[in-house]
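Here's a structure for you.
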Amino acid sequence: MEHNISFKKRLYEIIEVSNPEDKASKAYDFMMYVAIAAGLLPLTVKTSNTYTHLIDIITVLLFLVDYIARIATADYKMGYKHYRAYFAYALTPLAIVDLLSVLPILNLFFPSTAVFGAFRVFRVLRALKLARYSKTMVAIVNVLKYVRHQLVAVLVLTVLYIVISAMAIFQVEPDQFGNFFDAIYWSTISITTIGYGDIVPETVIGKLITIVSSLVGVAIIALPSGIITAAYIREMKRKKSEHEVKHL
Amino acid sequence: MEHNISFKKRLYEIIEVSNPEDKASKAYDFMMYVAIAAGLLPLTVKTSNTYTHLIDIITVLLFLVDYIARIATADYKMGYKHYRAYFAYALTPLAIVDLLSVLPILNLFFPSTAVFGAFRVFRVLRALKLARYSKTMVAIVNVLKYVRHQLVAVLVLTVLYIVISAMAIFQVEPDQFGNFFDAIYWSTISITTIGYGDIVPETVIGKLITIVSSLVGVAIIALPSGIITAAYIREMKRKKSEHEVKHL
Amino acid sequence: MEHNISFKKRLYEIIEVSNPEDKASKAYDFMMYVAIAAGLLPLTVKTSNTYTHLIDIITVLLFLVDYIARIATADYKMGYKHYRAYFAYALTPLAIVDLLSVLPILNLFFPSTAVFGAFRVFRVLRALKLARYSKTMVAIVNVLKYVRHQLVAVLVLTVLYIVISAMAIFQVEPDQFGNFFDAIYWSTISITTIGYGDIVPETVIGKLITIVSSLVGVAIIALPSGIITAAYIREMKRKKSEHEVKHL
Amino acid sequence: MEHNISFKKRLYEIIEVSNPEDKASKAYDFMMYVAIAAGLLPLTVKTSNTYTHLIDIITVLLFLVDYIARIATADYKMGYKHYRAYFAYALTPLAIVDLLSVLPILNLFFPSTAVFGAFRVFRVLRALKLARYSKTMVAIVNVLKYVRHQLVAVLVLTVLYIVISAMAIFQVEPDQFGNFFDAIYWSTISITTIGYGDIVPETVIGKLITIVSSLVGVAIIALPSGIITAAYIREMKRKKSEHEVKHL
C-alpha cells in the first residue's frame, strides 16, 4: 500500500508538476508534445493510409494512458483525498477536452462509427496547453479571462441579433433559403462582415433588411473590440504599477 | 368604483412590478416569456402548418391582452392620473414595439393582408426585455446608451458617406445597377466590409472609386469602435472608483 | 462707392455670417440647403429627363451665383483688404469644392462634354457643411482633424502595403489580372477585408501570398482604429477637465 | 594602407551617415531612391520588354554595388574593428532584405532560373526605408515595435486558430477542398473576414463549424486592435509627459 502511494505520487510528479530538474517529467512532457503534434497529422490528409492509421492508433493509446493516469492522480492535483476529487477533476474543462480527444479510440473497436473521427479535432485543443509556457500568451489569455463575462454577454447579444436578422430575412425572402438554419448561416456570415456571397438578398425589402442589419451589426461587432481594448489598457496599467511597487 | 380601482392596481402589480415574492406576478412573467419564445417558432418555418397557425393565434391573442392591460394601467406606470398618461405611455418605444408585435392579429380577420405577417418579427424585440435580468448586459447597454448621440452622429456620417459613394458609382457605372437603391445597397455592403460580390465594379473608374471609397470607409467604420471603446474605458473607471468609494 | 461697399458688406452678412436674428441670412441658408438636396436628385436617376434637367440647370446657376458672391466678399471673410484675399479664399478646400460642384454648368454650353456630369457628385460634399450645426458631429470631426497627420501616415503605410501585395501577386499570378491596376484593386479589396471574390488567387503560391498579406493586413487595418480610439479618449478627458475648470 | 582606410571611411559617410551638408551623401541617397522607385516599374508589367529589362539590369547592378559597399564598411557601422562585424551586419534584417533584393541578378547569368524574379518584390521593402524621414511614421513604427512580442503572440494564437478551423472543416467537408492547404487558405480568408466566397461550406455541419469559427474569430481579430490601441494611448501619454517635462 505504501509502495503504491509513493508510485502514485511519483506518477503525479511526472505527468503534472513542472519541475525543470525532474528529467523524467521533462521527457514525459516532450513525448506528449510530439504525440500531440503527430496526432494532428492524420487530420491533414483526405484518405487515411497505413501511416496515418498507425499514428492514429499510437497517439490515441498514448492519450488514453495519459488520461487514465491523470484521473488516477486527481486527488493529488485537487489537493484532497476523497473519491469526489476524481469526479471534480474529470469535470474540469481541461479533463473534458482530454476525454474528447481520446474518444476516437472507439473507432478501433467499432470501425463503422466514423463519426468519432471528428473528435480527433479536440487534439488541437491540447496543443493550446503549450501556450502556458509563453509569458505574453499568458497575459493575453488573462485579458480574455478577465472580460469573459462581458465577452459572453456580447456573444449572447450577437447571437440574439443574428437570430433577429435571420428571422426578418427568412420572412421576406424564403425562396433564398433552404431552411431556417441557412438564414442563421447567412446572418452570421453577414454580421461578422465575412460576406461570402453564396447567399445574397434579391428583393428590395431583403436588401433593405440587409442594409439596416449590417449597419447595426458594425456597432455590435465593435463591442468585443472595445471590451478587449479596455481590458488591455487596464492590464498594462496594472503591470506598470506592479513594476513601480517592486522598485520602491 | 372602489373595487374597480383596486382590481386595476392589482393588475398593474402583476404585469409590471418585479416583486420576487408576488407569485402571480412571477407566473405572469414566466407565461409571457414562454409566449415570446413560442411566438418566434412560426418565424422559423417556410410554410405555416396547423401547429404554427395555432401558436400564432394563441400568442398574438396573449400579446393583445397584455397590450390592452398595459395601456389600461398606464396611469399607475406613468405616476399621474390623467387621460394623457395613456397616450404618453402608448408612445414610449417599448409600447410601440408591443403594438407592432400585436399587428399580425389583423391576419386573422383579413387573411389576404399577408403583409402584417412580417410584423411578427417585432416579437423578437420583446425578447430583448430579458436582457434586463443580466447585470453584464445592463452594463453593455448602458455603455451604448451613454454614447448614443455619438453613435447616431457616426451613423449619419456613415449614411452620408454611403450616399456619396452610391452617387459616384451610379454616375460612372449605371449599367451595373438596376436603380439607385441598388447602388445604396452595394455601397453599404462595401463600406461595412461585408463585400458579397454580387455587384462589383467593372470599369477602371468604377474600381478607382471603389478603392478610394473603401480606404476612407475603413476610417469611418473605425469610428464606432473608437467611441464604444472610449465609453467602455470610462465605464470601467467609474465602476472602480464607485467600488473604492464604497470601501472607504 | 460707399453704397457699393455697404452692399457688399450686407451680401457678406447674408451668405456667410450665421446670425439667427438676420432673417435674410436664414432665408438664404434655407434656400441653399434646399438647392443642395434638390441638386442631388438628378444623381439618383439613370437617364436624365426634363425634370432632372431643369433641376440641374436651376441648382447649378444658384451654386454659380453663390460661388461668385462668396469670392466677391472674400476680403471680408479673410479679414484683410487686398486682392490676394480673393486668391487665398479661392484656394481654401471649401471654395475648391464649391468650384468643382459648379463645373457641370459647362455641360449647358458644351453638351457633348458629358464628363463634367461626374463633377455633380461634389455637390454632396457641400451637404457636409450641414455637419457644423451638430455639436456631436463637430466633436467627431475635431477628433479626426486632431489625428489627421497620423491618419495620413497610416494611409501612406496602407497604400505602400497595398502596392507591395499587388506587385507580389502580379508577379506570381499574372493571368488572373488584366493589368497592374487590377492587382492594386484586388489588393485594396482584400486588405480592407471587403473581399468581393471577383478576383481570387488560383495557384498555391498566390494563395500563400494572400494568406500572409491578409494576416499582416489585419494589423495595418487595426492602426486607424487605434489612432481614432486614442484621440477619442483624449477628447473625452479634455472635455471633462474643461467641465471641471468651469465648475471650480 | 592609410589611404585605403580613409577611402573606406569616406565611402561609409556617403552611403550611411545622414549629414544634410554632405553633398555627395545627399546625391547618393537621391540616386538610390530613384533606383528603388525605377526598380519597381518592371514589377508592374506583365511581359518584360527592352526598357524594363534595361531598368532591371541597371538597378540590380546598383543594388549589388550598394550591398557590397555596405558590407565592406560594416565595421564602421557596427562600431568595432573585427571580421565578425561583417557577419553581424550581414545578418541584420535590413542587410538580409538588401541581399534578397539583389538576388534577381542571378537571372542575368542563369536566365532559366525565373524563380529569382519573384525576389524583385523585396525591392519594395527597401522603399520602406523612406519611412524614417517622417516623424509620424517613426511614431507609428515605434508603437508597433513596442508591442511586437504581443503582436507575435496574437499571430501565433491566430495561426493556431486558423489551423484548428482548417482541420475541423477538412474533416467534415473534404470534398470542398483539394488538399489541406486549401482548408488553411479558406480558414485564413474567413477569420480575417475577407470572405471571397470561392470556397464555401455546403453541408449543415460545415456551416455550423463556419458559424462557430467566425464568431470566435471576431474576438481573436479584435486582439491586435486592442493591443495597438493600448500601445497608442501609452505613446500619446508618454509624449505629453515628455513635453511637460521639457517645459518645466
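Order as written gives the chain letters A, B, C and D; numbering starts at 1 within each chain.
Rule of thumb we're sticking to: a residue touches a chain if its C-beta (ideal position, glycine included) is under 8 Å from a C-beta of that chain, and two chains touch if they have at least 3 such contacts.
For clarity, every value in this text was computed on a predicted model and none was experimentally measured.
Participant: If you fit chain B onto chain C using only Cα atoms, how far does it have to rotate, to the nearest 5°?
Facilitator: My answer is 90 degrees for the C-alpha fit.
Participant: Are the two sides of the chain A and chain B contact the same residues or different ones, given that same means over half of the numbers occur on both copies?
Facilitator: Different, since under half the interface numbering is common to both chains.
Participant: Could you pull out the chain whose C-alpha mean position is farthest off from that of chain B?
Facilitator: The most distant chain relative to chain B turns out to be D.
Participant: Among A-C, B-C or B-D, whose interface repeats A-D's (more than half the contact pairs identical)?
Facilitator: Equivalent contacts to A-D are found in B-C.
Participant: How many angstrom lie between the CA centroids of chain C and chain D, rounded to a whole number?
Facilitator: Averaging C-alpha atoms per chain gives centres 32 Å apart.
Participant: Based only on mean CA positions, could you tell me how far chain A sits from chain C in angstrom?
Facilitator: Distance between chain centres, rounded to whole Å: 46 Å.
Participant: Counting only residues that touch at least 2 other chains, which ones in chain D make the list?
Facilitator: Correct list: 193-197, 225, 229, 233.
Participant: What topology does the chain touch graph have (line, ring, star, complete, other)?
Facilitator: If you draw each chain as a dot and join those that touch, every dot ends up joined to every other.
Participant: What residues on chain B touch chain D, complex-wise?
Facilitator: Answer in residue numbers: 193-197, 225, 229.
Participant: Chain D touches which residues of chain A in the complex?
Facilitator: Within the complex, chain A touches chain D at residues 40, 43-46, 117-118, 120-121, 124-125, 127-128, 131, 134, 136-137, 139-140, 143-144, 151, 155, 158-159, 181-182, 184-185, 188-189, 192-198, 221, 224-225, 228-229, 231-233, 236.
Participant: Would you pull the chain A residues touching chain B in the complex into a rising list?
Facilitator: 149-150, 152-154, 156-157, 160, 163-164, 167-168, 170-172, 174, 179-180, 190, 193-197, 200, 204, 207, 210-211, 214-215, 217-219, 222-223, 225-227, 229-230, 233-234
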